[in-house]
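First chain A sits with chain B, and in the next complex the same chain sits with chain C.
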Partner chain A sequence: MKNSIEIKNVSKKYPGFALKNINFCVPEGTIVGLIGENGAGKTTTIKALLNIISSLGDIQVLGKNIRKHEKEIKQDIGVVLDNSFLSEYLTTKKLNTIMKDFYNNWDEKKYMYYIKEFQLPENQLIKEFSSGMKMKLKIAIAISHHPKLLILDEPTSGLDPIVRNEILEIFRKYIEEDETRAILISSHITSDLEHISDYIVLIDKGEIKLDKATTELLENYGIVKCSKEDFEKIKIEDYISYRAGKYQYEVLVADKYEFRRKYDISVIDRPTIEDIMLFYIKGGKA
Partner chain B sequence: MSVKKGLIKKDLYNLSSYKTSLIIVFICMCILGTSNSTMMNYIPIIMATMSGMIALSTFSYDEIAKSNTYVLTLPTNKKEVIISKYILVISISLVGAIIGFLITPIIIQVMNAIKQENLLSVDWNDLLITTLGGIFGIALIESIQIPSIYKWGPEKGRIQMFILIFILILIIAGAAYLFIQAGFSEYLNAIETFLQSFGIPLLLIVTITLYYISYKVSCRIYLKQD
Partner chain C sequence: MNIIISNNSAKPIYEQVKEGIKQAIFSHELCEGEILPSVRSMANELKISFLTVKKAYDELETEGFIETIQGKGSFVLPQNLEMIKEEKLCQIQKHMEEIAHIAQVSNITKEEIQELWKIVFKEVL
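And then the complex of A and B:
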């Protein structure tokens, strides 16, 4: 399987924050969820990936070096940013004429189809749109030039569950249309990613803490609930992190089936991606 | 060129919200012109400066929409973004100056029709000089302000620009003072003759040089920026 994105040893230093040797990839035909707290480095990673900011390390997008083939690569990718857009003083019609100049493959028919499908007004200024409408418009623009890769930064943030679901459905359709397409989606709303992502990459304080298949996380990982006495019997190498509560200990384990065979503890819950993220970021290790 | 066209289009669409303001200013100028004939000479300067300042306001639109980041996700790069801005700003200032140049005789005709007791005539030479003066003036402001905006943003950039212009005025005034103190004032006539012969091409060369230096400084600032 080819990789649509390959990030190797990427670093970036800011005063008070640094990306530290980031490594991960986005295989063709998959949706990869980049998760982490606010300020963990998700947006910085995306900016480095798009060569918007300078960084160290190797970044390959669609098989080419982004620093050497920036414009060529960007013809084949669609990007949605949460809080950045062309202008609020444009209409969907005017955006169409602008985008025609940017993309060689701009598909006006497809764009107008999405505008109708998403029920977006043609002659109304974008500043009068709701948050959901603005996001749908950004997505319509991002996918109307037949991109091979979508890079989405917090596309569902601040939206109600119904609109979020509609948007996730768009991404699902987009990936199903062509198996060589791929999506990198950053979000702190982990429940969204649970349903659509194939892989989860967790970033914390500029470091990759976890890079696993979503099914593996949801099926194999487990949260062991036990007493302090039972927790003290668990070997340090058999768990990832723990959280001490008032009445019980919660312990995150990578293989709940193996854990069950080793220890006589029966209460093991299925974790959500959010639980796993919290354990990695806030959990302790003896 | 197509990408630059897209970038310029985006700014022009943003500016289309100024349509009404421009018409109002135009009417105000006509009223001012009819009340005071000396104002006639300044129409090209006012038009060039006003157009230039309007063009510079596109930076504020970009900041509000945080479009600088979004634009860089499109198939373009920072250099093209800078070039497009300079093309836009220079073109709009030039168009403003040219409109100023063209409407002055029209306003004079209108005034003459209204106030037949005080007929005015078009001084083409004066009109040309004020038009070029307007272009030079706005070029000076823009060539300082654009790099300032890239460095400090539209809000802070404006303050820094005024500081820079103030320093510039001090330097020019200081140089003029030293010039007189050094006893060079006897050459003033020679300088005036020189300016009468070569003033226009010199002004054009200085204007182009200003924009070129400004563009290079903007590139140096913006390309390094994260």
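And then the complex of A and C:
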């Protein structure tokens, strides 16, 4: 499988915060979810990836070096940034005429189709839009030039569940249309990613803590619940981290089937992505 | 085709996908030569990762139920359904022999087993 994005040993230093040797890929045809706390480095990673900020290391987007072929690459990708700015005094119609000049492949018909599909008004000023409508408009702009790759920073944050689901549905359709497309989507709403991502990359304090197939996380990982005595029998190499409670210990394991074969502990729950993130960030290790 | 995915089931999701497809093949809802939905479209429909669906398809392929042709899709292979049924009956017979054995040792009557049988069937089928 080819990779739509390849990030190798990427570093960036700010006073008080640093990206430390980040490595991960977005394979063609897949949706990769980038998760982490606020301030963990998700947006910094995306900005480095888009060459909006300078960084060290190797970044390949659609098979080309982003620093050398930035303009060319950007014609082929669609981007939604957390704080991307649209003038409040434009209408969707007016935006069309502006975007035409930006993208060689701008597809007016497609754009108007999305505006209709997302039920956005044509002649109303953007400042009168709800936040859900604004996000849908940003997405319409990002995908109306047939990009091969979408890079989305927190596209669902601050939106209600109905709109969030509508937005996820847009992404599903986008990738189904052409299976060489790919999506990188960052979010701290992990439940959204649980139902859409193929891989999960967890970033914490500027470091990649986890990079796994979503299936594996949901199906093979497990949360063992046991007594303190039982916990003390578990070997250190057989678990990832634990949380000690007054009445029970919770222990994250990478392979619940293997664990079951080794230990006589029967309560093992299926984790959510949020559980796993919490265990990686807040969990302890003896 | 019905594929019912339960997040609370102990069965892995890819197993549940596999079972749904197998059932459709056994009931002739999916016929020989018919094309299966693309991995991505099924993943989107079920709101699960495409890798989960891919795993299900891969295993169905090794088990001889479907064939995947690069760039074309996955197709239902001709099934010797009679043979599969024969094999399943064999499996069931083995389990039943075990039941009979347990019943014999524990002095459980045929009638009691039949009573149990009715309850189980009502719950499962």
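Note that the second predicted complex is superposed on the first by the 286 of 286 C-alpha atoms of A that agree within 3 Å, B and C clash if a C-alpha of one lies under 4 Å from a C-alpha of the other, contacts with A are read in each partner's own complex, and residues count from 1 in each chain.
Everything below uses one rule, namely that a residue touches a chain if its C-beta (ideal position, glycine included) is under 8 Å from a C-beta of that chain, and two chains touch if they have at least 3 such contacts.
Given the structure is predicted, the values throughout are model-derived calculations rather than measurements.
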{"item": "Clash or fit, chain B versus chain C on superposed chain A", "value": "fit"}
{"item": "First, second, both or neither for A:K148, with chain B first and chain C second", "value": "neither"}
{"item": "Chain B versus chain C as contact partner of A:R260, first or second or both or neither", "value": "neither"}
{"item": "Which of chain B and chain C A:R243 touches, first, second, both or neither", "value": "neither"}
{"item": "Residue contacts with chain A in the superposition, chain B compared against chain C", "value": "B"}
{"item": "First (chain B), second (chain C), both or neither touched by A:T97", "value": "first"}
{"item": "Touching partner for A:I53 - first (chain B), second (chain C), both, neither", "value": "first"}
{"item": "Which of chain B and chain C A:L218 touches, first, second, both or neither", "value": "second"}
{"item": "Touching partner for A:Q75 - first (chain B), second (chain C), both, neither", "value": "first"}
{"item": "CA minimum distance (chain B, chain C), superposed complexes, angstrom", "value": "28"}
{"item": "Intersection of the chain A residues that touch chain B with those that touch chain C", "value": "none"}
{"item": "Residues on chain B engaged by chain A in the complex (per definition of touch)", "value": "2-3, 5-6, 9-10, 13-14, 17, 61-62, 64-77, 226"}
{"item": "Chain C-facing residues of chain A, complex", "value": "29-30, 172-173, 175-176, 179, 195-198, 213-215, 218-219, 270"}
{"item": "Interfacial residue positions of chain C with respect to chain A in the complex", "value": "7, 12-14, 38, 40-41, 44, 47-52, 55"}
{"item": "Parts of chain A lying in touch with chain B, wherever the complex brings them together", "value": "14, 47, 50-54, 70-72, 74-75, 77, 79, 81, 83-90, 94, 97-103, 151"}
